[in-house]
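Structures follow.
Shared chain: chain A. Partners: chain B in the first complex, chain C in the second.
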Partner chain A sequence: MTIEVNTPTLSPLSTDARSLRPLLEWLARRAEPVVISLGAILAGLALFSLFILVVGKSPADLFRLMYTGGFGSWFSIQNSLSRAAPLLLTALCVALPARLGLVVIGGEGAVVLGGVAAAAIALPLTASVSPIVVIPLMAIAGMIAGGIWIGLAGVLRHYRGVNETIASLLLAYIAIALMNHFIEGPLRDPASLNKPSTAPLPAEYMLGNIPGMDVNWGLVIGIVACIIAWVLIEATSFGFAARIAGGNVRAAQIQGLPVGRLIVGFTALAGSFAGLAGMVEVAAVQGSANASLAAGYGYTGILVAFLARHNPLAIIPVAILLGGIDASGGLIQRRMGLPDATVLVLQGTLFVVILLCETFYGRFKIFNPDLWKSPGLRSNLSEGTA
Partner chain B sequence: MDETGIGIWGVPLAIFAGAIRVSTPFIFVSLGESITERSGRINLGLEGTLVFGAMTAYAVAVMSNSPWLGVLAAMATGAVFGLVHGWICKFPKVNDIAIGIAMMQFGLGLAFFLGKPFIQPVAPHLPSIPLGGWSGLPQIQSALNINVLFIIGALLSVTLWWAFKNTRIGLILRVVGDSSDAARAMGLNPDTVRLLATAVGGSLAAVGGAYLSLFYPGSWNEGISSGQGLMAVALVIFARWNPIGCFLAALLFGGAGALGPALQSVGVTQGYYLFYAAPYMLTLVILVATSSPTRSLAGAPGALSITK
Partner chain C sequence: MTKLLPMNRRSFLQTTASGAAALGLAPSLFSTPAAAQAALTVGFIYVGPKDDYGYNQAHAEGAAVIKAMSGVTVVEEENVPETVDVQKTMESMINLDGASLVFPTSFGYFDPHMLEMAKKYPDVQFRHCGGLWKEGVNPMNTGSYFGYIGQGQYLNGITAGYASKSKKIGFVAAKPIPQVLQNINSFLLGARSVDPAITCQVIFTGEWSLAVKEAEATNALIDQGADVITCHVDSPKVVVETAAGRGAFVCGYHANQSPLAPEKYLTGAEWAWGNVYTKFVTEAQASTPLGNFVRGGLKDGFVKMSPLGPGVSEEARKKFDATLAEMMAGSFSVFKGPIKDNKGGDAVTAGQTFAEDAIELESMAYLVEGVVGSTS
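Coming up: the complex of A and B.
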């Protein structure tokens, strides 16, 4: 490996700085996704501001309202956190398969079926069984339903070669039809006239709020799930094998890694997180399974996962940010007379720009210590880790 | 009721009429997608293009009082969406499937944003041709009232099938779709060809949207599409990138979609909602039946990411 020295981008480092080099290298490698993502978000906001200017409104007012509505007061922060909770789980439904190189976009189907399954298992038991038993059972039922649904997309992918993006989306439509079938038919509470629903859960069978906050336990469940997913990917051999398979399937197969089991396991786990989001929606928000389960959390989760670059820990701040944007929608509508779809336009713009910015990875020398040019380090590099 | 009742025969007739009515957007979106995919790129964002096309067509038809002007305007916006998709995909490391999903969300958001003022007004509808005048039965008359876009779509599918095989443009498209290297060796720029193919695909998808808002169901609202733009992508795979296959598959899908309402019309109410899943089930079953884990699909463009 030869290193060009004609244009040093860093001044020759002193001996002091040389000991800092590992730290700088670590920082540089870590900084790349953060800087590029933040740059992409800023570029997306700039583009969106242009759009707002074109429709004759003030972007400054809009962003101020967005801040006020999302994070300006304790009330709005709690509102944002509540909206972020399901996004944490549905984003995991996209992020986990993505580490294997799969694009799964049907999380909405796992959410609705998870919700229906949770309600279906709880309702016959509420008369006789204690909530301490029923609530975990609901969570398990929701996770199993969601896991089967997205796991099916993984099975079809591995054993039949069916494209998982399209399969998961078709499954989502089928799931919504199934949900409508159950809540309008076998599970319908005759008392629910205008909005077909299952019978409401008694209050003691609901999840309730985190003490001291007007935010339900779904937020804690979501954050714990993100941490578990992060540990799974970064610190277990299962996750390591998945990352190898995501990088190069052929290499993983030659190494004898169980690619099929990885694909099915990761998609099923991803689906069970989304199913859990459906359970939380039933047990903490709606109190019954109804059409509000298909509120689009599965679709916003796709955006969250891509913005977080499929890193489960990065999902936490991104979900809170998008929860805040979502929470401010009503205020923007009332104060500025803009349609509620304003938030959707912003989300779409951010999504497109962030994907476009993928092209910048590896293009900036400052993030790649192997390309740092510094005469003083030449010998170090050639005999060192490079 | 007696003179108009045709009893159980109403079901196949309703499915036939429904197949034609429901299939028309599928025909246009899948023909557009087949052009794009033949060039070696996949545009998963056609759902957004379709909905934006539906909104544009409706808005322009309301303002100009001409439905055909609406269709033209929709085609123009569809081409713009295609150009944006094609331009972004040109950059290295950008994933065309992910961009499609992003463009879908962007297109939906923008359509809902700009379409808000047009939910109330009524737009003029596209014309249809009454081919059922020979029959005295009103059901048959209405079933054979064929919309003009369906006929255009049928003709277009044959034309495209011929053009892929026999024209210079068709050959260029197929070469680029099968191998970027071979295309470069011939002095073609694959990015430019794909850019144009995505633009044409987008404009056709927007016609599908225009049909939804200007003929059936014939109004603009935020729930106008039920995933036609997405199912069309699966449909193209099933049709093996063959335009005539796309047309036939669209008819099949239309028929499946018409099953629920047709059964409801004769009083079948049990499991009614499950019939809504029929087109999606059918798509999935077909995908499972035609895919294979070991070989790529017969007739698939070699450079297409989705079949690898």
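Coming up: the complex of A and C.
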């Protein structure tokens, strides 16, 4: 395949244009991931339209419904944001270790244990302690439980050489079994006959909604967490060290970087974000820990993180997009009579196309910052087409 | 297919400006009482696929009955998890489709999800499958319906008792909760009414829907000599196909699974939700108050039996029909003392009889003598 690239006329540039050069250079650097991702999404939607045509429905109707259901009204927007909230945190559980070159897919385990730990710590305190103390305590308990769980995958990886992908996935199964043990055994509210749960949290310990919105505080917590994670990776020496170790672990070791501590620290931090998602699920939605905690947020988080290319800031729009696709899924079922799997096919198509488009990075000359430098400063601008 | 909503910027701005609860919605679709009378939109929400040959299919078959009624529009959504998702699905049905009667059918949808929405939309009626509604505690625009299906499992047990050669039958169960325990005990008691030497091995999978473990459990039961299998999981499909594939007889649950194993299917205890939904919708259309706590068994048309399969002997058919007739007359009790539990204690003492709607049965925590297995 030949890719047509419009090579802009570079010289002679007027003085005015020359002052634009740093801006153009910056734009070229930043535009590449955005343009390629958007292009991939468009290509994915086009491919998905073919599926819809094959089953004899109109893609135009479908996309219009998706817009109505996901973003077409204030109700739909809040619907999408509510669904996006837990994904922000579970996506971080994948994105942070990914910067170290680790593929962690067991966030679901951290979510359920985080939820159980949060409920467990609040139970004995019922009604006697101020919510200002209890809610942060629940968050800390959830983060510690999730952090230990995914941190364990990091420990196994670094000290025993166990593949972290498989370890974290298997640990998720163990976590779900542990959750079932606790909510059907020691922590079970005897009144929860046919749906084993912990005792319900008193209303004052619940997180509630963001004022003026029908979306719970989980959204704010998730966005703040994404920003913190971005600052950590992009603006601290800890994050810089992690990126080096992710790029080349040997080089990092030769530099004397504490690779082991980085791996355990990053996996534990990642797990604590997912554990926090479990706490929010208990404190803002369910009101108790029960089997509904294992709702698949940990697994959808993998999709979000990969689509966001493990950039914590990009996770925010991607999670909202997926929340919107989820929100519109219901409308598609109800209005078009298409099965629930329709939106899963769309998500899967987008996932594959975006991964395939990774190969386009660095292949469009227009995104090369060198192209925009003044001729004297230009380094080895390669010739030829992709 | 219903026509697409006329959604444009003007109607959006209008509704936003007026601060209406249902945004982005054409005014004609607001569910005013007058509109609800003329055309009723009913929402059904399922936790799994609606063609699962089980729990969800039973409800979807009920919804299909409603669809045929005049003046009724049915909107359905499947695979909705018991999280904020189901709350938003209910809201979306109310706001975007104008639903004024909603049936969230999974047990876990009740608290907090349906209760939250009922508080927020007091003009919408919510009816939940599972029997959790309490007078004075839960709002009057909510309610519960449920069926007594234990007698159906007793009838399953009768056909199993006649069909079993090894005198060992098996039960694949999801969780050791009262509803499931009552089904296991009823199945064994039905079989023991044929032959008191019969034992029933039970395996709990721990999850409502976990195909791999259900197949493993079925195989393990058959390996240990069981030759009739039944189950209580969301979708009996895997259990029925696995058991029939190994040559064992099967009794169904939730819905009719005979198409999956026409030769080996004896009978099955099925829900008859179509009758229940018809009742609710008729009440809603007539603007009479909907029942808040609605329950019934075989004789009330809440539960039905699958047609008897070719594996059921003439003798078995006679006993099945006689017992069914007693149940339909309301004079039959499955739990009639003395019954021992499988740890040697008294489950039901001599002289004690529990009718199918007895409150004591709803907190059942034992397995009766003859059931091999443990609740913990």
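Criterion: the second predicted complex is superposed on the first by the 354 of 386 C-alpha atoms of A that agree within 3 Å, B and C clash if a C-alpha of one lies under 4 Å from a C-alpha of the other, contacts with A are read in each partner's own complex, and residues count from 1 in each chain.
Here, a contact is a pair of C-beta atoms (placed from the backbone, for glycine too) under 8 Å apart; a residue touches a chain by one contact, two chains touch by 3 or more.
This one's a predicted model, so the numbers in the text were calculated from it and none came from an experiment.
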item: Combined model on chain A: chain C and chain B, fit or clash; value: clash
item: Partner chain(s) touched by A:Gln347 [first = chain B, second = chain C, both, neither]; value: first
item: First, second, both or neither for A:Glu358, with chain B first and chain C second; value: first
item: Touched partner set for A:Tyr173, first chain B, second chain C, both or neither; value: first
item: Partner chain(s) touched by A:Gly161 [first = chain B, second = chain C, both, neither]; value: first
item: Partner chain(s) touched by A:Ile148 [first = chain B, second = chain C, both, neither]; value: neither
item: First (chain B), second (chain C), both or neither touched by A:Glu184; value: both
item: Which of chain B and chain C A:Pro339 touches, first, second, both or neither; value: both
item: Touching partner for A:Ala295 - first (chain B), second (chain C), both, neither; value: second
item: Partner chain(s) touched by A:Val249 [first = chain B, second = chain C, both, neither]; value: neither
item: Shared chain A contacts, counted only where both chain B and chain C touch the same residue; value: 177, 180, 184-185, 339-340
item: In the complex with chain C, residue positions of chain A that touch it; value: 61, 64-65, 68-69, 72-76, 79, 82-83, 177, 180, 184-185, 193-196, 200, 216, 281, 285-287, 290-292, 295-296, 326-327, 330-331, 333-337, 339-340
item: In the complex with chain A, residue positions of chain B that touch it; value: 44, 84, 88, 91-95, 97-99, 101-103, 105-110, 112-113, 116, 226-227, 230-231, 233-234, 237, 271-274, 276-277, 280-281, 283-284, 287-288, 291-294, 306-307
item: Touch list for chain C against partner chain A, complex; value: 1-2, 4-5, 7, 12, 15-16, 22-25, 49, 75-85, 88-89, 91-93, 95-97, 107-108, 111-112, 130, 175-179, 206-207, 362-363, 376
item: For the chain A and chain B complex, residues of the former touching the latter; value: 103, 105, 156, 158-163, 165-167, 169-171, 173-174, 177-178, 180-181, 184-185, 299, 302-303, 306, 338-349, 351-352, 354-356, 358-359, 361-362
